[in-house]
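Remarks on the structure that follows.
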């Protein structure tokens, strides 16, 4: 599998820009993961590069979510998980148990399939991260909240009701709120697991636009089962099958000229 | 990652730097965090201490009792005359009273509770259920002392109009009232069990043209049997441990009989009688209190274990 | 086969429907039976007691003279008792539930504690009375003061509070805690600022229902020993006390001494039932209000 | 929680006392003691808490005769030698205070129109083991051929012991005698049962004359109805009249002023409240004697 | 919308056969259904023809299941359902409340998305229907059970363990058991709501073969979200959208030459 990074050429929206060779943020070598006796990830080699959007595609059960959750060690919350191999974040081995996951996770945010705001006000949702990391200053918090919501393209919609429950927001707004919540701790990476699959088309579009607008600041890894979406928003795409990475390359390449027959079959809907 | 937005300029520090800085100060917090599991474990072990406390208390005095009264006399004796000049300590009259009242209670509670559960889970509309369920729960929330008062001042006189031989204190009336008290418990637990039967299964049967009664009888009840039986066993356990109703309405005659029109004493009522009258330490009767309590404890414990065993066993099956 | 089945079906369907309908009414009757008893009980109590229920009765001191007797002492006793029971059970119950649900590794220790708790839930209240008598009243030499009674009651309802809290914690949607962990929150931070607030309504519901059990419970206090005549109002948890159900018990017994005591008992029952009704409705309101949030 | 507003002026001569007085024992004596305790708390010492319980005479003695035991023990019989010995062993000085006279009353159902008058011998035969009386017709062939249902308070009670020792003269009770802990149960049992007959203190009868009737006992000079007039040490009902007592822990009285104060108040008032609680008064001379003793403790 | 019935031409499996004009078993006219205030079926006109397989397709939430459940009045189990319009089964108005649903349902079997055998033995599962309809004769029951299992192509796989729990069967076997359970009361119609969506491909194939083999005896209406499946197994296809029937026609026509632009877009995966 090639680790060369191509310039992305046929993006479907977002400005065209000059991305040169990117530095890998995550490097994965020979990563294996078992849930009890289920071998969910098999010898994964994969990098995720700085300030790119990496899409992870593949049929159900192929290990996409598992890989994503390994990247911030959320996978450890499942009992009986065993991991072997190498996974480094900015050169540091994060599989090392001595590394505090709290630190890692504050740098690597996560957005889930279904929006999961806390049953608190919009403000409290965004302020949650800074608060747990010790920021108590009120003015500072307000500034962070506003900035994060602005980045998440939600500020205008909610600025008049910051202190009402987040549950009053629509699904798409909730999902953007969750992204704002991540942004509030200034993460270096955001992991997204099918962030739009529970949303209607209009909300999906808004979230995709948002991803597009923050990708210059943050590295994004996104799992999606929607091939069009992967093609629309990602720079690079990794195709998983059955716990293996079959192919990982520039999105344009994967969708137009995949090296592997399996990839081609999958892209063309022949299975999955 | 380099931050290049407003907040950096205004506060000179990026959020990330701030977070890093706060992290340095977190030593105390980490220690606190680390001590939490231990602390909570200590709290959780209170419940174990309680069990140990119960068993130790009961056991130590019971052993003392058996030093004075041979175990065989206690468990096979049909005469209980603790205060007499020639005291006898046979526990069988109490066990008889306890079992009789529990059986009567279950004869009332099991069918009515189960039928209520069926009605609520299979027939009643949402609206009706929303009204009936809290009302039934109210029945469960009535203090047993009130039931005792009710059994003594209302149910017994009422029953005496139909059953001439019925004594003013008898085991029948508190048994029935105890049954009423247990109805909501059985209804609610059985209803839970029946509602947890997959709707798919119910739909499958309805789709074949089964009536609700058939669905209930042939699909829902068999599938929920574990829960239903477990609710019965828990009901029995509750009846065995019930105190105030029998204390007030059944008198304190230590009859060894099958005659439910007569006064009988249960283990619980005996404990009330002895502690209410003579809780001073040292006498044989004082120790008998613990021996009876121990017997009671073992009875209910067995029932609870049985209930759990049943529900677990059936759950494994499907 | 076809024709046979078809014929039989048509013939039987009518019969089956009648049977179905009939049993529906039988089941309904069974359900109504419980409610009927409830209404008779309440009717009887109200008829006997309502005439005696007035301001003086509620605020007065206990007396051997029916016209003079009041239950303020028992109300205050109940208050002091609950003042011990509430914090103790909430603290121990929720703490234990958090430990079992969120900290304990699924394994021997955890399942041992859980088995133990569900067994404790089935131990008759009178056995707790004996425990309280032996440990709190005698060994710790507290005697029959509100503190001793309260601790005994706490142990009695602790298992119920634990189980209810465990269920409440379990019902917190895991995406919420995942979101919190995903932000780098520690376990305790997640529990404190996400899980507990979400679970609180259900925890409260369970707790209120168990507290109302403690308010109505009599047997353990009979064992610990409550004076039959106790006139001064208890002023703290260290005072001797009596509670509403004990007062009902004594007045029921003494109705043979003075017939009006039966009315006093009935009036006290009304007060007790009203207290419980208020508590239970509070619990139901909390439950309904917060149930469908997620 | 107790107010202290008013009684300063009313009882200016009495010193303000506080603390508690703990009384347990006889259920028979309870109504009298509860009444006096209540009056004491209302009229004399508002800050003293007098707690009255009624476990029964014998049970009460067990709580009285321990270290830090109760202050008073009510008794419907005299203290036994063993109990007195026990007190000596513990170094508890006990003072017997006779508080009233009670008549052991036999009650029957309202519908019972045959056994209204009985002799002590007949009563004994009903309750005694092998008394030869099982049915009413065993006493008088004209009476119903139905089982008698004898009952009474159980062994926790002084009343039982008085009956056992003074009436039965320590002959065994029949197995059929239904012994109950609570007097209310007995009242109801007899009120509901045509064939019931029970014994207890007079007080439980006078309060239930609508439900029960008392057996007129023929001690040889014609049937005597128990009443406040006939119950007296030299009255017509004297044979079934018994004194009831309260026993004072003198050590406590010496240590705790409220205990002594209450004891004095008690003795000054026993005869005022005896009647309304179903007891006959005791001779004034005996009251005086006891008050003198108590006053001797003040110093 | 045309109600003409074409001969089906390009079946993907099953023998080619000569189906002439079919008699409608169900006729629906102006059927409306509300769940509370949700208008789930809007003025539906649709027929289902005897001994044909009618596929019902459409995006999620369009009312497919609702329509199917109306056909045997299972929809009434939902509280607050209101129905108006005409729905006749063999000429008889089945929306008439006086008609006993039990009788209707014994003629109109239903197979659900997830196999739902009863927690009883295989034998008892199949014998359930005949038993509640009064057949007690043991020999007769045995015969019915065997015949039904044979028709459901399950007999050979289970004949040696008829009296073991149905829960011991695989998902596909369970689904075929549920079909056998339906067949045991000799229904005239079988309604299937996504009957293979919970199954693996091999089991799916078996169930499809089974449908193919019983379609000469029974009328089948099947909801599926799998377009290929609809194309493979059905004679006619109805396309639902948002509570409306957009188009209903011979399957070959719908898939190759739909009259409606919406149908075409949906078939080609442009939405849904």
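Here the chain labels run A, B, C, D and E in written order, and each chain numbers its own residues starting at 1.
Criterion: a residue touches a chain if its C-beta (ideal position, glycine included) is under 8 Å from a C-beta of that chain, and two chains touch if they have at least 3 such contacts.
Composition by chain, UniProt nomenclature: A, E = Phosphate import ATP-binding protein PstB 3; B = Phosphate transport system permease protein; C = Phosphate transport system permease protein PstA.
No experiment lies behind these values; they were computed from the predicted model shown.
Common neighbours of subunit A and subunit D, listed by label, are B, C.
By number of C-beta pairs in contact, the leading pair of chains is B-C. The greatest centre-to-centre distance from subunit A, using averaged C-alpha positions, is reached by D. Separation between the centroids of subunit A and subunit E, computed from CA atoms only, is 41 Å. The mean-CA centres of subunit B and subunit E are about 48 angstrom from one another, to the nearest whole unit. The multi-chain contact residues of subunit D, meaning those touching 2 or more other chains, are 182, 188.
Multi-chain contact residues of subunit B (touching two or more other chains) are listed as 152, 209, 211, 214, 276, 279. Taken residue by residue, subunit C touches two or more other chains at 9, 13, 16-17, 186, 225, 252-253, whereas all remaining positions touch fewer. Looking at which chains touch one another, you get A-B, A-C, B-C, B-D, B-E, C-D, C-E.
The part of subunit B that touches subunit A in the complex is made up of residues 1, 3, 5-7, 10-11, 14-16, 18-19, 22-23, 25-26. Note for the complex: subunit B touches subunit D at residues 82-85, 152, 157, 160, 167-169, 251-253, 263, 273, 276-283.
Of all the residues in subunit C, the ones that touch subunit E in their complex are 1-2, 4-6, 8-14, 16-17. Listed in rising order, the residues of subunit B touching subunit E in the complex are 125-126, 198, 200-201, 203-211, 214, 218-219, 222-223, 317-318. Residue ranges of subunit E in contact with subunit B, taken from their complex: 72, 74, 77, 79, 101-107, 109-110, 112, 114, 116-120, 128-129, 132-133, 165, 167, 178, 181-182, 185.
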